[in-house]
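Quick one: structure below, then a few questions.
Per-chain numbering from 1; labels A, B, C, D and E assigned in written order.
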Amino acid sequence: MLLARVIGNVVSTVKNDTLTGKKILVLQPIDSAGKDRGEKLLALDSVGAGAAETVYYCRGREAGFPWYPDDVPVDATIVGIVDHVNVSRQ
Amino acid sequence: MLLARVIGNVVSTVKNDTLTGKKILVLQPIDSAGKDRGEKLLALDSVGAGAAETVYYCRGREAGFPWYPDDVPVDATIVGIVDHVNVSRQ
Amino acid sequence: MLLARVIGNVVSTVKNDTLTGKKILVLQPIDSAGKDRGEKLLALDSVGAGAAETVYYCRGREAGFPWYPDDVPVDATIVGIVDHVNVSRQ
Amino acid sequence: MLLARVIGNVVSTVKNDTLTGKKILVLQPIDSAGKDRGEKLLALDSVGAGAAETVYYCRGREAGFPWYPDDVPVDATIVGIVDHVNVSRQ
Amino acid sequence: MLLARVIGNVVSTVKNDTLTGKKILVLQPIDSAGKDRGEKLLALDSVGAGAAETVYYCRGREAGFPWYPDDVPVDATIVGIVDHVNVSRQ
């Protein structure tokens, strides 16, 4: 999983049926010190994350697991909100 | 998922049977400000996206979900059309 | 999916049983204008593609779908031959 | 799989139910000589790895296999602790 | 799939149960001319590959297929040994 900050959201009327009612958030990936790194992406939210919160997200097939047995066409999902990151060596 | 603009399409007569009758579009990935970023790719369309529209697409195994239970050999599918992207910090 | 040109093949006697009798081709990924981009890779062929043809290939788990229900350990498969690519903006 | 060193952990109260009780570690990928390379990431631990240990981790769908039949939304899992790496040519 | 040369192995006592008895090899990815490219990685071996041999490996979920129905947490597996690579254009 990777760390990211929630920085926005996407409004979309026409979409795959299974996405109806699911928040699509814009994420900025960050490193363990909170600094931006890499490109922004879109992710679904399975934990109620809000704007500016630090989260970690899961990519790939398993990004759809929180909605199992529905097969949601999603490749990135927020699976947790970060309280604190402990790193012994930057 | 990632944002992209529909910029073209592929004509293909010889293809895997499960792809018959499905539109293959050329996508240019873009950032949340609408600027091009990264390499163009081919994607199937599950929502009726048209030329020049801003869409978001899903990659990987789950790109085939819109056609489930058919197992379509596709690794990128448009799953929504974007009305608006709200970003609090570029 | 991504565009590529077929530029060679791999001869391999010792291989996983499920790969027996399947052509392994060398692909050079190309952009929509036909120019090389990125690294060459190996792919199986599900459509009868030949040397120098322009094709599109599918990556990941779904690359094995053309041989379903056989579970072929393959991560890239040619799923179509390109007749023409229309792009409104390069 | 890739080599990495365990350099920290993430404290997270709000998370997907299936992640409850599982350690989330911060990994620094390393090369076979033990030198850092690439970006840090978060992984679950299936083998009891501790701080500063050299491990190898598995990415993608199969990162969830150690918890099967639970469908854990995880894309990186530590699957072994390294005793020694033998490389004939650096 | 990608080409690689076997350049070493990993000794690991503590590991996921399903990995017991499986060789973990260190691979150096190479191009079709045999030159190194990209980062080394760890892979399981499903074909009896030995040191210095040129092989091709499969990444992702399907890397576990050679051990099906066991769900082995592996994301890279050697699936064939290369006799010869024919490329019409370098």
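Convention: a residue touches a chain if its C-beta (ideal position, glycine included) is under 8 Å from a C-beta of that chain, and two chains touch if they have at least 3 such contacts.
Computed from a predicted structure; not experimentally measured.
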- Item | Chain copies touching (subunit B, subunit C) - same or different residues, decided at half shared | different
- Item | Chain centre separation in whole Å, for subunit C relative to subunit A (CA means) | 31
- Note on the structure: Cα centroid separation, subunit A vs subunit B, in Å, comes to 19
- Within subunit B, the set of residues that touch 2 or more other chains is 60-61, 63
- Query: Quick one: do these chains touch in a line, a ring, a star, all-to-all (complete), or other?
  - Reply: ring
- Item | Sequence of touching chains round the ring, subunit A onward through subunit D | A, D, E, C, B
- For the complex, which residues does subunit D have touching subunit E? 1-3, 31-32, 37-38, 46-48, 56, 58-63, 65-66, 68, 77, 79-89
- Message: List the residues on subunit E that touch subunit D in their complex, please.
- Response: 7-16, 18-19, 24, 26, 28, 39-43, 51-52, 60-61, 63-64, 71-76
